[in-house]
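Listed below are the structures to be examined.
What follows is chain A paired twice: with chain B in the first complex and chain C in the second.
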Partner chain A sequence: MVATETVKPVSVPGAEGTASAPGTAPSRLRRFGRAVLPGPAPGANGAALYRRWWLPWLWTAPAIVCAVVFGVFPFLNTVLLSFTDAKPLGGAASFVGLDNYTRMLGDSDFWLATRNSILYAIVVVPLMVLLPLMLAVLVEKNLPGIGFFRSAFYTPVLASSVVVGLSWQWLLADDGLVNTWLEKAHLIRSAVPFLSDSWLILFSAMGLTLWKGLGWYMIFYLAALGNVPKELHEAAQMDGAGTVRRFWHITMPGVRQAMMLVGTLTGIGSLRVFTEIYMLGSSTGGPGGADRTLPFYIRDVGLDPLTGNAGYGSAVSVALFALTLGLTLLAQRLTKEDEA
Partner chain B sequence: MTTAVEKPRRLLPRWRDYGRPRELVVRYLLLLFVLGITVGPLVWQFLASLKGVGEDVFGRNASLLPHHPTLRAYRQVFDQVPVATYIRNSVIVVVLSIASQLLFSTTAGYMLSKPGWKGRKAVWVVLVASMMFPFESIMVSLFLSIRDLGLVDDLAGVWLPGFVGAINVLLMRGAFLAVPREIEDSAMLDGANEWQRFRHLYLPSAWGAIMVVTINTFISAWDDFLWPLIVLRSESHMTLTLGLSRLQSSSFGYDQRVVMAGSVISVVPVLVLFVITQRWFYRGVSAGAVKL
Partner chain C sequence: MRAGRLTASVAGIIALTLTAAGCGLSGGSSGGDSTAGGCKVDKGNVGSGKLTGDVKGQITFQTTNLKKDFGDFFNGVITSFEKAHPGAKVKWIDDPGDNTFTQRTVADAQACTLPDVINVNAETATALTKAGYLLDLGVKDPDVAKPFVPAFWKTSTYPDASGKAIHTTLPWYTGGVLLTYNKDLLTKAGIDPAKPPTSIFGLFADYEKIARSAKGKYFATMANPVWRIPGDFDQMDIRTLSADGRSAVFADDPRTTQWVAWMAKLYKEGAMPKDSLSSSNDPSTLYSQGKVAYGSTNPSFVRFVKQNSPTVYARTAVGQQPYDALGRASAGAPQYISVAATSKHAPVALAFAEYLTDAENQTAWCKDPNVVIFPTTSASLNDPFFQNVTGSDPFSQARKLVADQLKTADTNQTNLSPAVQNAIVAQVQLAMQGKKSPAQAVKDAQAKANELLKQAG
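Moving on, here comes the complex of A and B:
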């Protein structure tokens, strides 16, 4: 799960002598030394190692503060705020009970944003689970120049969504590269309105998300593919199983767990989409805001300096959190059933 | 010590060692196809930024390669928009973030990897809990906090909420746990104090995780968009991504070559970092799975 490094013997300046290499038998000196130490070996069975009890707290304080002040507290505060009519720029806030939630249930724009977010997940998750896996299978074999291809496929991950959005905007414009090519190939007569039709904007944004995520999950799968036994593939090949059948019957079952994880991660990621819509559908989120996702809607209703209502924005935030939580629980359940 | 052990001569593998010719051709065709899809738009963007005024960027008459490559667009992007200011602001946020992330994630991760103090389980629970909430679902409340601190339209407000990430603390903790105990025991006998052991023994051993934290922090701070968009207001405080987003076709009729030049400027630092430190990047991917 975490990068583990091979540990080299390290000399410690400021202390005499050098540490012994890991794995070597304890030297005589050390055995002797431990015997004269007062009390049990330091840290063994959780005995008090720190005479100054506050020392560990001092070292961990910044992380605790950050997690509480900018993680746990904002969530609790969001729940509280959702029962008020707080304004983003300050001023007195009053308790309004469940008003925000009743307003939300009757708000067609909220439901539109929810639909967009869920649709996003429904389209993106299966593609993001499968396409990078196929890509990983393609670059798995060590061929001449494969390192270059792997790195190249990873580059879209590095660019920010804003930059990618800018270039896609020009690619998908009415007189952009894609439309020009399609016209030259006589596949279309007039330009496809990728950036003005609300459905096409949504699907273009999904395409952008996929394009940017391919390389990331490809690398993710490459690690998992290493665990699929090579012998199975060879045996199947002997028996005359083609590439497709081997992918379906050997590769996919072999990386099931990784696929579940990618599905969960991309599902949560889809609910968080903002920049893609902002860049392709402009700052309004598509014509008349028709392409707004939940984060987009939260920003619109909750954080607008003039018309914003942080209370209502918080209620929508709670809905977004509930959706994320539901998705996570669903994924956990599926994983458990899968293992059973 | 020089022993004259002659290495067995390595013959270059022949093409047919890699598989049947037909399969090879299909594989390379597929690889090139995906290459066109993934890198094509970025390359096209770069080439477009080199085009002169007389050349079409797109449309029926546009060619892929610029006939008369020029850096005019790069000069213009600095003239038309305060790119230098944007870059400076992004650098400030990135440097602040990396410094605080590294300092606090290593110290906290180190202590969490140590047994022998009460409360470490509780700290761990708080850290994990803080990762459960997607940023988008707490950003309204976060903004109100930043407002109360008087940091709206301030780069410090962009940096502060992420000054140390729980994910990085857990990452460092894992790396420190992998350090064998024997080394530390002997260092203790030699009289090294806590700070010395941390500084000279643990930190060098966790080099890989430190690189992952640095790179991840760099990319997320450099590419971040939504939070700077919420916090920052005035042009002189904008970060690079925020400034570039205003070059959208719908808002201003900017010259596409200039917009592309701006994009290239934003991608290059990350690309350079990637080329230098590639393998750590890939490690960061599997580390990201801990995010769950």
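Moving on, here comes the complex of A and C:
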């Protein structure tokens, strides 16, 4: 039989840790609680009565430490390095002022990579915002067998980028499935050079990104569509609104926040694209390096252990950050103006 | 009050970050008497003088993607080493060896956490030697060269920070280089399979004959030039880099332009699949389907064909690689064993590195039926396993050919950084597409390479 203590009910929320029942010795746990947990703050009332100013910092400390170590520190380090001639192998780095940024402005390869990255974002972001939404609308209804289609659309998300890249190489080869179909349908006479023309490699890589991301963002939209009131659709339908009109005037406004989120995430992802280009254009980034994006270029000029210049690579990284931030802020502003 | 606390907290975070940033810029570690790279190390690990000390203590030994298939072999080697040296302990770790290997290994070195004994390739060895993170084996044990094929040892050097060539690696094993081809496809093109070409341009001429005979039904080889640069240049005795490695000089040799012109011509005439210009250059699949006449240039490829495509294997023959102007074989891309200058038990690490690469252990591993590799010690190459090859099948012939060539081969391949190699390859691709003349492509390739070499300092 376990001896039980009678604990006096406590009326003040948060006071349990500090009150002990009369006639019982305070346990170690309670003593620890008194020392660590909040007591009443002078002048405070209500819920704030027992809250210490440092308590939120304590609970968020692990996240803050992670953010500082893996986010803020690398970022500040990158900014610092961009003003030096640091090498990936270490050693003494000299301060070079704005030299890296000046070099960047006159570097045609940098501008080519910037063009490719921006083009990637311009093509991929609108498609990635709209196509998964349309897909989500298609599979939203609970029809028999719909689970199969939802799983099928989501499957590419689970596959590794390398496996997907190899599959696309086989699909897009001169004697691959796509060219074979096009030839059999008498749409082409000779193979379309998907893997040897620099523009087609770039657009094929965009297709790969879209195909792999559709299922992922479809899940976002499926969750958002659940919040669109069905009554609105029913009322509009009774008023004679067709499918397209209801999609445009009810569904899209209803998932506006999700679209904004998808647009932002896709924009950031598009500017950071590397694997798709590497898989379809190999280590050179397409013939003549014409398909290199900014991350690809950073790898070439900044990270090579033998000939890399971490300072210059950092300067290009800072430019990529500024570009990403700029496009994100622009998108937010446009959305706000649209809402207003 | 609240604003003050917030300010103090934010200031604390910034101070913490800047402190960390400062650490990141300076790097290094504490402890030890001398410096290797950015790390303080024992005095005996650097400078002149033989390494002395007891073979006692625990070391870490890192291989590259070998644990899965060769666990029993390496555990046996470690056990016998520990038995021979009581007090020595070896902890074995295995790196996946992906394409970020060099970057990750360099990061380990900068953090002063390089494994004591490490399996490296030429690129990683070049980077680590330049920064001073590897033990100068030629100095630390003057007898270390004895077991190795002399030419192999002589050419296994890397420039240190001052540009002086030093021995920081022990040659371990290599895959070998040879020609593998489909006899039927060569015969159709009027090429005698028994007489492989002796020069690179001779090989290109055969590619051209195949393209004319095939008329697009099959190909001679793959288009992406990434595996040919700088290998072909080295074999032709074209100097890719200057003696100090700080500038590119390949454009100064007119044969480089001729080489690019050949590649452009072959691509245009259909000797290579058009879609392989900047994608995979691995001919394994197409060769196994009988769609490419020349396969990969290593004996393990012959075994791959034997296992996966018996019909094509029956039509396969092997020939000596074209020695061209160099006049001897290339050793391919050997694997090396190095000892970290940052090792806290360098005598143990050096003893284990020498034990692992000695003739007995090299021969034993090369006999493993799961692997097609070749040793780098003279005694191993003279082993009956390599010399008394009786079979006339392509795989047996491949083993004999490579073992013979390795007795005089050297590790002559120029160590280009991936970025420089890609810069050259990219310009050659443009020439192959007809977007640039071969002369212009070579000129631009040299300029791009020099830009990268210049920023490396």
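One rule holds in what follows: the second predicted complex is superposed on the first by the 267 of 340 C-alpha atoms of A that agree within 3 Å, B and C clash if a C-alpha of one lies under 4 Å from a C-alpha of the other, contacts with A are read in each partner's own complex, and residues count from 1 in each chain.
Note that in this section a contact is a pair of C-beta atoms (placed from the backbone, for glycine too) under 8 Å apart; a residue touches a chain by one contact, two chains touch by 3 or more.
Source: prediction; values computed, not measured.
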Chain B versus chain C as contact partner of A:Ile64, first or second or both or neither | both
State whether A:Gly90 touches chain B only (first), chain C only (second), both chains, or neither.
-> both
Of the two partner chains, chain B (first) and chain C (second), which one does A:Val244 touch, if any: first, second, both, or neither?
-> neither
What is the contact status of A:Leu158 with respect to chain B (first) and chain C (second): first, second, both, or neither?
-> first
Please indicate which partner A:Asp304 is in contact with in the superposed arrangement: first for chain B, second for chain C, both, or neither.
-> second
First (chain B), second (chain C), both or neither touched by A:Ala185 | neither
Thinking of the overlay built on chain A, is A:Ile219 touched by chain B (first), by chain C (second), by both, or by neither?
-> first
Touch check for A:Trp168: first (chain B), second (chain C), both, or neither?
-> first
Partner, of chain C and chain B, that touches more residues belonging to chain A | B
Could you pull out which residues of chain A sit against chain B in one structure and against chain C in the other?
-> 53, 57, 64, 68-69, 72-73, 77, 81, 86, 88-90, 169, 173, 282-283, 303
For the complex, which residues does chain A have touching chain B?
-> 1-5, 7-17, 19-20, 22-23, 26, 30, 33-34, 37, 41-43, 45-50, 53, 55-57, 59-60, 62-64, 66-75, 77-78, 81, 86, 88-90, 135, 138-139, 141, 143-144, 146, 149, 151-156, 158-171, 173, 175-177, 180, 183-184, 211, 214-216, 219-220, 223, 261, 264-265, 268, 271-272, 274-275, 278-279, 282-283, 294-295, 298-299, 302-303, 310, 313-314, 317-318, 320-321, 324, 328
Contact residues on chain A for chain C in the complex?
-> 53, 57, 64, 68-69, 72-73, 76-77, 80-81, 85-91, 93, 169, 172-174, 191, 193-196, 201, 280-289, 300-301, 303-309, 312
Touching chain A in the complex, chain C uses residues 2, 5, 9, 13, 16-18, 20-21, 24-25, 27, 37-38, 102-103, 106, 110, 123-124, 126-127, 130-131, 224, 226, 273-280, 415, 417-420, 422-423, 425-427, 429-430, 432-433, 435, 452-453, 455-457
